[in-house]
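For reference, the structure is listed below as structure tokens.
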Amino acid sequence: MLQLNNNAQFLGMEAPYEDAQVVVFGIPFDGTTSNRPGTRFASAAIRLESVGLETYSPLLDLDLEDANVMDAGDVGLSIGDTPRVMEEIKAVTAQILKDGKIPFMVGGEHLVTLPVVEAVFEKYPDVHIIHFDAHTDLRDTFNNNKLSHATVIRRIHDFLGDGRIFQFGIRSGTKEEFDFARVHNHVYMEPHTMNTLPEVIASLKGKKVYVTIDLDCLDPSVFPGTGTPEPGGLTYREYQTLFTQLKDADLELVGADIVELSPHYDPSGVSTVVGAKSLRDLSLVLDHKSK
Amino acid sequence: MLQLNNNAQFLGMEAPYEDAQVVVFGIPFDGTTSNRPGTRFASAAIRLESVGLETYSPLLDLDLEDANVMDAGDVGLSIGDTPRVMEEIKAVTAQILKDGKIPFMVGGEHLVTLPVVEAVFEKYPDVHIIHFDAHTDLRDTFNNNKLSHATVIRRIHDFLGDGRIFQFGIRSGTKEEFDFARVHNHVYMEPHTMNTLPEVIASLKGKKVYVTIDLDCLDPSVFPGTGTPEPGGLTYREYQTLFTQLKDADLELVGADIVELSPHYDPSGVSTVVGAKSLRDLSLVLDHKSK
Amino acid sequence: MLQLNNNAQFLGMEAPYEDAQVVVFGIPFDGTTSNRPGTRFASAAIRLESVGLETYSPLLDLDLEDANVMDAGDVGLSIGDTPRVMEEIKAVTAQILKDGKIPFMVGGEHLVTLPVVEAVFEKYPDVHIIHFDAHTDLRDTFNNNKLSHATVIRRIHDFLGDGRIFQFGIRSGTKEEFDFARVHNHVYMEPHTMNTLPEVIASLKGKKVYVTIDLDCLDPSVFPGTGTPEPGGLTYREYQTLFTQLKDADLELVGADIVELSPHYDPSGVSTVVGAKSLRDLSLVLDHKSK
Amino acid sequence: MLQLNNNAQFLGMEAPYEDAQVVVFGIPFDGTTSNRPGTRFASAAIRLESVGLETYSPLLDLDLEDANVMDAGDVGLSIGDTPRVMEEIKAVTAQILKDGKIPFMVGGEHLVTLPVVEAVFEKYPDVHIIHFDAHTDLRDTFNNNKLSHATVIRRIHDFLGDGRIFQFGIRSGTKEEFDFARVHNHVYMEPHTMNTLPEVIASLKGKKVYVTIDLDCLDPSVFPGTGTPEPGGLTYREYQTLFTQLKDADLELVGADIVELSPHYDPSGVSTVVGAKSLRDLSLVLDHKSK
Amino acid sequence: MLQLNNNAQFLGMEAPYEDAQVVVFGIPFDGTTSNRPGTRFASAAIRLESVGLETYSPLLDLDLEDANVMDAGDVGLSIGDTPRVMEEIKAVTAQILKDGKIPFMVGGEHLVTLPVVEAVFEKYPDVHIIHFDAHTDLRDTFNNNKLSHATVIRRIHDFLGDGRIFQFGIRSGTKEEFDFARVHNHVYMEPHTMNTLPEVIASLKGKKVYVTIDLDCLDPSVFPGTGTPEPGGLTYREYQTLFTQLKDADLELVGADIVELSPHYDPSGVSTVVGAKSLRDLSLVLDHKSK
Amino acid sequence: MLQLNNNAQFLGMEAPYEDAQVVVFGIPFDGTTSNRPGTRFASAAIRLESVGLETYSPLLDLDLEDANVMDAGDVGLSIGDTPRVMEEIKAVTAQILKDGKIPFMVGGEHLVTLPVVEAVFEKYPDVHIIHFDAHTDLRDTFNNNKLSHATVIRRIHDFLGDGRIFQFGIRSGTKEEFDFARVHNHVYMEPHTMNTLPEVIASLKGKKVYVTIDLDCLDPSVFPGTGTPEPGGLTYREYQTLFTQLKDADLELVGADIVELSPHYDPSGVSTVVGAKSLRDLSLVLDHKSK
């Protein structure tokens, strides 16, 4: 029998499903993207790029070889029928949660976070959200659309309510969105930076937490590969303290995602490396804390 | 009062709407594109590129400066709601037809041809279609979707019926699509080449004809800027005989479109020039024949 | 009558000329560029990119929808005849000033700042210049040429004299240029950084000030799209304090420009976003302070 | 149990190894490439691109869904130790041949054809070679090296001898290489074109034949993605008659390869599509003739 | 003493000046380019790319190793002062001619052909011009400019007069330019193709001939790297018969140039290879015929 | 006699070999690169780019015009035979050292530092190494290979022993490599940053020091042009303090290199500028301290 390389999975994420604590899956969807599309290519690009990484994270002193993480591949989607795509994503997430594992979704545009959080919310109604992004994503509608990458956090707020969502790095939005967050206190928002993350993490002590990272929270200098880059963002060194802070935090991580990598816009491949390294490091944290 | 350059219109297509015989409009839509997106950027790229062209076509010995063509800009679309987008396109086309002018649509993905032809069909129920493409676009559904760039000619066949559609350059599709065309004779199909175009044009003598050009009918050597390039296509020299043949043909042109330019995939800009030159030359033919 | 989108103007800069406080215009000229050309494409690229921005600036808490800014388009130029191009730019600037509005020029290479400042100087002989750049631009000649992107500030010094020009971010030049500035104190120069900007702004209390921003003052990590990138520059976060400091400053802004974006050298588009965001935010400041 | 998409194999090449008539495998090696490297990325790029293809070939009227083709993945290689890499490739090929299947190798640089043909030669000592290429590859040494992409056909000639190798499309080489082929008649060579292919195929009646395609035989207009492009090559339409001629030929195909795709040099992706379509169509021919 | 590689010259063009029959020199100038600049980079790119070529041309059966060709490097230019640049180019050409050698200029934009032909004309007042191009270059002025890439052949006609200039491949221009050539017979023009080249060469029997090749005569499929690509041009196979026809022609070649390669617009590098191969093959012809 | 520009050397590095204090040479080798190749193109790209720089460094207040630096070109290499390439590099370095000059090598991949340091070690057995890098390069074997870009510092440690190597900026490697350095104290390693460089330099007082800079120590935001980018690295402003600290340090610099620039991965050209500026500034320091 012939035994060759396959490279279908992210490097070092080869745990059998039965043993996996963390299950990674890709959502190649960018159907509501209003400006430059391409996040549909992110999960495949990240897998391909992972061969250039080590399984060991010096930042965290953790190694994927000692972790139980499985890259399950991409979810098949009915492209063109957005409500149905939402159901397909939610069903996969619910299955992973039902099997007692932690879902880690790789987008796609930010809208795909919605069905993942819906499934998480059904299992953990008291879940809190840590949200990194350049944009508020708090519009009520966009292009006459309730379901959009620009409305996703507003939709999540619809069922989570006030006091549950904590935004960092925000530096773009309409005046209405900033007022919704700031004036009405619906959402905790730290514009531009992530300086208050330690206090927020401390305030979430013992809570169940879902982490959604729109990678455009990073400055486009280190992450140009995204549809709507916004200068003035986080440096990678600032950003990676998210992983070390979460590793040491007294809270339970019940799910995570990274979204909005659009690999074609960065021919150097650096943005894809940023996505791959974020996936490796945050997976290591999820696995580590679940033990 | 200050008077500066504006460059909002395609070079030489500046007739007032009242005087225009041919009205060009853009449809920046690629919502059902299954593979590589980006045709939403085509109409803006073509306008920008037009400054590198001349208004005079040596091939046709016609000049836009002597023609009555207006570039009306892009249609505002409810991106994300495909059925509604279809209606918006149809309404604009119907308006142009009602005002006694010839519509020339610049896509966008090929699906946007559907509402244009629907509007044309309502005015001219006996319209025939000349269709240049690499792909048959004859599927009944694609990704469980009736409205798709891969089903558009099938949808047009739904209401036009047999004997009305003439395809050239086709070199990709499922076995079912080829059988639909060939075995059942629903659609005239010339695979790979356009050698029989003279006979087809002769057979359409005196008829009303709509021309839809999926620019990927061209070989990707000269038109790489498209989502699904298919090698083995038409050379530009073959292709441009379409314009000279139409100029001399004994038939009435009642509308036209060029679709599927995805400018970002061709950093040399040649594909956009091909789009711009096609728009110039086919507009000149439409204007010339309408006089 | 048909009413479609046009997109000829920068997003939100659609005030009628009569009402406009700030008039933006583009100068697509790079005729003396010695190294990599391409700044001629900057103004068109910035307009196209502006659709990805919001009209609201969270940094400044100001919105273009509440401002009186007009994007007037590009000035027609006699490319190839540099002295005549200089006159054409000066004439447009003088007209805007005569009509009581504030000119905001979008280059183009840095040489095009010269005729704008000449027109401003004729109206405001006591004008001071805040100059952000990687390069001193203080040569007397370059390639045997008095009129060059590398001599522009020296030419301005010719008529403004000592004590009027304040440079920040400088990190490249000949020994002679640094000596001209530093040893002879002809020009205030802060190399590498912008740390002393608050003192300089304080010292300009009540003065009329023109701001010229060569965007290559920014580090090429966030602004690679320029002909002569110089590592070691300003981060975007440092840079954007220019706008907040100016907003609160006790001085009168009588004109501004941003120059040296060469969009083709940055395929990610981030550099163009930096240009667009700079234009939005500095326009907002100019408009705000003029009220 | 979770069942997601995997996309590890070329579209439609999913036969179990037991049932497969044709076994495709990738060799990501470009270790002796003297000019521009990158063919190591070809097999992964072709797999990824295959989703944009159909399984049906209108040219051949054959469908991968009716064929027994397996994409077995990439061979693990000791990169940096060229002789050992040669052994690893030969071992895999020999295994496939021993199991009664037809090997189809996807390079990598052209040197990797050598061990494949060595294994084929050991099973079929009377094998003949049809060789498409822009370059003769007939040097005795290159950079003082016996094992090189520029010497591979000379090395094959070392053990196959005269009268066994048939070259088409050749348009680059040293005078010595052309003399070796032409003057001494060691190798049949048709420079520039493939016009004599029908006669050659007729002369190989009943013979066992291996086909090696250096994709740079194609004109760089349609295949720019290669390390050493040579203008003046085959058009895709000429080239694809290779497949139809082989389909109808009275000879036995015992193995094949396509080499020298370097996907990064063609940002449009067309070259990768050419590789994918060549792999699909030639696989269909191999499968069809083996039945 | 240390002896390392230098690579300052085109591969195989290393004859000492004393011995050289053909002297190649570069003119990195694109100062009047109206659309996309970048031909200033052509000569350096061609030299760098030449290492991927052989010195032997199978097309011509000639080898640079047997020829007396010298690559003399680039001419230093007073960029920004077009009239002075013209003089600098003319002086170098006159020197080469005075020393009894054949000048071969590598542009740069097409305007730089003017001073070369002026110098040739002063030595050979009866010179005839074979001109390959997509554009007529017959305007009298362009952007109010007498000296422009779009007027260069008109300027040459000014002193050469009727019956001396033979154009091939032309497919773009204003109606006035085509009328100037066709209606008034000032210039022989074959639009679109080069089919009549044999007759023209025959008619030039015994004459002194200068060859100017604007590489955009080629179809942009194989030569996308140019500022103003025009689809519908020559294939490389057609084009290269120019070299074989000239090799066998009964006329004297007194100079040549290739212009309008803009290497940055073709990231695959194919356009630069086309330039390098043209330079090699035409140099071989010039050298061969001069013996 | 004809005297044109040649541009074969880095700007301002034109000292005759006899007078040179510092001799720069290029090693276009990337034969063991496991991931993305291309560093073979670095030295040629840096030379070409140097025309955009000044000879004067404002950071150091030193000018190449006052220094004795010679760019000697690239070393000819037997590509494909790694052990022999190592000997060729060592021989050139030894020659330069024997002639009393300081070698400055421009890679190529990091493996090429090994033979340079071997030659330096033979002259100066007490040499210490300052090493900037993102990766430890401390593996014992990689791909079963003792000679690899991933093992180079381990190979140097083999003969230098403990206490001689000082690493900064490290943020990637296997657990075994970090343990080798940290646990066993074989090598001084500062992960992520270069904060302790002043102490290290102080501790090297009076010592002979060789500096090897893998440019991927820089954050990929400012240096994306490398095969294996690692986010989280040094900013350019941090990095350039290396040069000012070395200028003022009380130690003897006996050699240096910069490696791992892969120019094709950064189409903006910024990475090449970073390489060129590093070469200029570190050459100036080497020259300055040798006087």
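Going in written order, the chains are labelled A, B, C, D, E and F, and every chain counts its residues from 1.
The definition used in the following text is that contacts are C-beta pairs under 8 Å (C-beta built on N, C-alpha and C of every residue); 3 or more make two chains touch, one makes a residue touch a chain.
Note that this is a predicted model, so its numbers are computed, not measured.
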### Query
Greatest Cα-centroid separation from chain A: which chain?
E
### Task
Name the chain whose C-alpha centroid is farthest from the C-alpha centroid of chain D.
C
### Whole-Å gap between the CA centroids of chain A and chain E
56
### Summary
Distance between the CA centroids of chain E and chain F (whole Å) is 42
### Message
By the touch rule stated above, which residues of chain E touch at least two different other chains?
### Response
219, 221-222, 267
### Message
Chain contact topology under the given definition, line, ring, star, complete or other?
### Response
other
### Task
Just spell out which pairs of chains touch, all of them.
A-B, A-C, A-D, A-F, B-C, B-D, B-E, C-E, C-F, D-E, D-F, E-F
### chain A residues within the chain D interface of the complex
1-2, 4-8, 17, 23, 25, 44, 48, 72-76, 92, 95-96, 99, 267
### Query
Inside the complex, what are the residues of chain B that reach chain A?
30-32, 34, 37-38, 40, 78-82, 143-145, 147-148, 264
### Query
Which of the residues in chain E end up touching chain D in this complex?
51-56, 58-59, 63, 219, 221-222, 235-237, 240, 267-270, 273-274, 277
## Note on the structure
Note: in the complex, chain C contacts chain F through residues 35-36, 170-175, 178, 191-192, 219-222, 224-225, 227-232, 265-267
